[in-house]
Amino acid sequence: MLTRNAKGVFVIAPTPFLPDGALDLASTDRMTDAFLAAGAQGLTLLGVMGEAPKLEQEEALTFTKRVLQRVAGRVPVVVGASAPGFATMRAIARGSMDLGAAGIMVAPPPGLKGDDAVSSYIMQAMDAVGDAPFVLQDFPQLTGIHISAAMVARAAADARLVMLKAEDCPGLDKLSAIRQMEKDGKMPRISILGGNGGQFLPEELSRGADGVMTGYAFPEMLVKVIALMGAGQRDAAQDAFDAHLPLIRSELQPGLGLAIRKHVLVRRGILAHATLRAPGPKLSAATVSEIDYLLRRLEMHSGIKLS
Amino acid sequence: MLTRNAKGVFVIAPTPFLPDGALDLASTDRMTDAFLAAGAQGLTLLGVMGEAPKLEQEEALTFTKRVLQRVAGRVPVVVGASAPGFATMRAIARGSMDLGAAGIMVAPPPGLKGDDAVSSYIMQAMDAVGDAPFVLQDFPQLTGIHISAAMVARAAADARLVMLKAEDCPGLDKLSAIRQMEKDGKMPRISILGGNGGQFLPEELSRGADGVMTGYAFPEMLVKVIALMGAGQRDAAQDAFDAHLPLIRSELQPGLGLAIRKHVLVRRGILAHATLRAPGPKLSAATVSEIDYLLRRLEMHSGIKLS
Amino acid sequence: MLTRNAKGVFVIAPTPFLPDGALDLASTDRMTDAFLAAGAQGLTLLGVMGEAPKLEQEEALTFTKRVLQRVAGRVPVVVGASAPGFATMRAIARGSMDLGAAGIMVAPPPGLKGDDAVSSYIMQAMDAVGDAPFVLQDFPQLTGIHISAAMVARAAADARLVMLKAEDCPGLDKLSAIRQMEKDGKMPRISILGGNGGQFLPEELSRGADGVMTGYAFPEMLVKVIALMGAGQRDAAQDAFDAHLPLIRSELQPGLGLAIRKHVLVRRGILAHATLRAPGPKLSAATVSEIDYLLRRLEMHSGIKLS
Amino acid sequence: MLTRNAKGVFVIAPTPFLPDGALDLASTDRMTDAFLAAGAQGLTLLGVMGEAPKLEQEEALTFTKRVLQRVAGRVPVVVGASAPGFATMRAIARGSMDLGAAGIMVAPPPGLKGDDAVSSYIMQAMDAVGDAPFVLQDFPQLTGIHISAAMVARAAADARLVMLKAEDCPGLDKLSAIRQMEKDGKMPRISILGGNGGQFLPEELSRGADGVMTGYAFPEMLVKVIALMGAGQRDAAQDAFDAHLPLIRSELQPGLGLAIRKHVLVRRGILAHATLRAPGPKLSAATVSEIDYLLRRLEMHSGIKLS
């Protein structure tokens, strides 16, 4: 089960597809192994970057089951359950927890009006997912929903809230404000993982984050940065981080990012195919060439091996 | 099967729920009967106002099956299949057509960039729904997607496009422009039904609409207005329409409209419960009183009986 | 000066232009006279429907001065001062108050994040407009900013806030909530005027509104509805209102509404030209014909004379 | 005058303020000198990052005049003239060109519906700015307006369109598509400058951009990258670029970016104060410390001197 002490790199797993769009379970296993080998301390399934809205309910269940079997309890697995209705959210949460998930992640949906409506939604969502440890995703760039530090504190009064995925942008001062409220005794300590593709990882760690939840295709770098920061080697951490920033930047392009991420995972030998479910973008030859150039630089400069 | 000659009132059916949120199949039957008795020349299921996103796939299928059995081929039934992925759209379309649906309705999703991307999406969606007659929903207030008259013409070059649900606002000049393009031989004639809660029905009919697709709780008025306009009795049509405009206006309130609509259908004895699936609004006592006042005026002034 | 006892119809004045786009000051005088003759108990200048963003600063000043001279203190005149920066807001407010305006209206701008940011903005805006009576415009359909009843109460603790322009939609329950907070002693009584083109005037008055602020082209009807509601003649009030609802509905079409409103004011002999500043829509012949049809019905059924 | 051969780094100048919010003309001069000394081949005034909407018309004129006098014709100066009405756009354009500006930049505003409406707006805007060379800003992240390669070609048929500021994201394939249309003789060659804070400069240059228009606080790096890319030294160019990417990333934070940029310009001795006009964000001590850390790394690793 996920607890408020969770930390490290939680890798957001993409959903691998065969060229015809069917689930690619062989790649699913290989990917799970690769992420754990890279030092992942958790996995996240069926998030936005997992193409969850494009999966049939049965496919989502099949994929979740496959990953959970492969992980076999070695690390906690969080499953995304954001849905237009609480009935569906409840069904996804129950199904996932029954299969062995460690927690359920939900982002408040677009259209909620005002702080009270958002706070009320979070409480209702916690009720919907039942006893499952709850991960609150704060991602206003996608949802348009603002969650203040005080609202996080309010939600954290409920013991089911164990983790915040903090990806407001700019969001660093909010992260500091939450940690300050904890120190001031105004809320219990919760686990906070950064997001946003990892692009502010060093700063997030300085501000008190416990780690990061992202699907960036080189989780071993994220693991290393966290270790170096923890050891007080900030310059070395920043060096390791900076080498990857050009690729992180490319992965952050809206709409195109997931296609790039899958391409990189194919280059690394982790996925068999870079297929996205339709409708979705395809990488141009020029983009592929640009990404491959960045990968070659990574190999040369950072000692990382593609595969 | 739905054809380009379809006309009249297509009633958008809400999905009836029991107080605990389960499907209310008894009300489903009663509602189906009531809409046909009111003169509906078609039904539409699983649209935005049908709470489709809050249904499990199995529930959506159960509901669709129940309505189709009750209708028993007397009028065409259109099923909404808008979905984030074409795989899901295909599954809904096939499932519905196998059960006896007459056509599939899709609205292009938010985020498409530029006319070509929209036109391309429409073609891909027609491929996804296969041989099913295709209803294009033009609803930019919800989707942010603009579809020009020329883009409708482009889509109508494909024989599968049989109907446009025209609910851009303002949208009357576009409706005229499409009919003009048809007259000019620039596109084949298609069926066009207005939308937007019916609030511009007289003008839409003057501009060449074949009818209206809305879930307004008194479809018999819409039927009557169409008949009077067809008989050249515009003033009588407008009189009949104007009597309902205060209630139509109330039903158009974003977020609250469906709750009001279900309340009215309960007052009419058509639904057993006004339940919306969570999360959803509840009517305040003051709102109920205001709606009931408008209903009493309707009974007095327009000769319509609630039940 | 505007006070918390303000009530009645505040007419939002459009800015009249000559065919070449220059200010039409002769029409400005005629319009001012016509609105006062219709029973307006206040005027509002330079709002969204006054094409304020299309005016040069000097033109805005000239127009404001002209209206204020014509009004000559007979009714309070509110001037809109929403602006991207507080420096500009301060300049508009000072300029207008020096010329004799009775109050300044501001809507919080898009992009504010969370209740506290909105409340803080309102306080800063009150500081920017100085000692001028402050009208808070609550118009989330345009701004995306939610203002709860509790936030209105917070702002009303400052004596400078005298009036709320309440045009959230749905917004009737919020109006009731504010009046209840006043009764419960949680906030002082403020003036509340409805908005939204007047489309919910009877309900707003029932909920406790003091009147309405809108530019609907027949303010005499609004005056009459308020009088009848005040006299307890709700049915008569609703009858008077319902006769105008088809035209109110047409005026509410986004983007097109102001062009329709100016067309009606030309038909009434109040404006010389229906010119909008570019970029702006033009009415098609079909739309003009539809509006003129509604005007003829108004003349026949409600005894109102166009001019 | 700006021509279709324009290239290099066009620095978007912030508007310097004194602590009380008044224009800081001494800093304006120092900033102008610094940008030219850094190798800027053009300047851009009164863009979004120039806080243009927060300036009075007279202040905007004063600032423009001051910069133009200081530049004294050494490089072309582009002035932003996006405005809600064409009358205002015309006034800004005329005023700026009379003072010696080399071109006028306009972005189509939010709310235009469909490709034709956008193309039509661009033509009307070119008419509004008269004979001035026209820079089309393609910035959908801010405006929500999509401009395809074909629409750029359509606009470029008018000789007044001399430059595209290309900051769609992802936008690299569109840049390639435009250059391909030029090669295929489907449109004349125009100047294309990248944007988006410079974060894709190497890729943009590879795709055929002539330079970049951004206010990133170290324009000398951008100049160097362009020179190295032009000399075929892509690895060296990427090295120079990568060293700055962490700071570029920080400057890209929505809302906070300009405050960071002004802070860096103060640290460099270019601006006297980092003041933003209210309402605007303030940097926390933690953010200042993070930015200063990145600056120290820049000094150490890239040989760049702060001042």
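Just so it is clear, A, B, C and D label the chains in written order, and each chain counts residues from 1 on its own.
To be clear about the criterion, contacts are C-beta pairs under 8 Å (C-beta built on N, C-alpha and C of every residue); 3 or more make two chains touch, one makes a residue touch a chain.
Being a predicted model, the structure only gives us computed values, none of them experimental.
*Asks:* Taking a step as a move to a touching chain, how many steps at least join subunit A to subunit C?
*Replies:* 1
*Asks:* Using mean Cα positions as chain centres, tell me which chain lies farthest from subunit D.
*Replies:* Looking at centroid distances, B is the chain farthest away.
*Asks:* Tell me which of B-D, A-D or C-D has the interface of A-C again, with more than half the contact pairs shared?
*Replies:* Most of the contact pairs in A-C are shared with B-D.
*Asks:* Between subunit A and subunit D, two touching copies, which fits better, same or different residues at the interface, with half of the numbers shared as the threshold?
*Replies:* Result for this pair: same.
*Asks:* Using mean CA coordinates as chain centres, what's the subunit A-subunit B distance in Å?
*Replies:* 38
*Asks:* Taking each chain's centre as the mean position of its Cα atoms, how many Å separate subunit B from subunit C?
*Replies:* Distance between chain centres: 34 Å.
*Asks:* Multi-chain contacts only, two chains or more: what residues does subunit D have there?
*Replies:* Residues 255.
*Asks:* Over in the complex, which subunit D residues touch subunit A? Could you list them?
*Replies:* Within the complex, subunit D touches subunit A at residues 169-170, 172-173, 176, 199-200, 203, 206-207, 235, 238, 241-242, 245-246, 249, 253-256, 284, 286-287, 290, 297.
*Asks:* Across the complex, what residues on subunit A touch subunit C?
*Replies:* 113-117, 140, 144, 146-148, 150-151
*Asks:* Which stretch or stretches of subunit D touch subunit C in the complex?
*Replies:* Listed in rising order, the residues of subunit D that touch subunit C are 21, 51, 53-57, 83-88, 91, 111, 121, 124, 255, 277-279.
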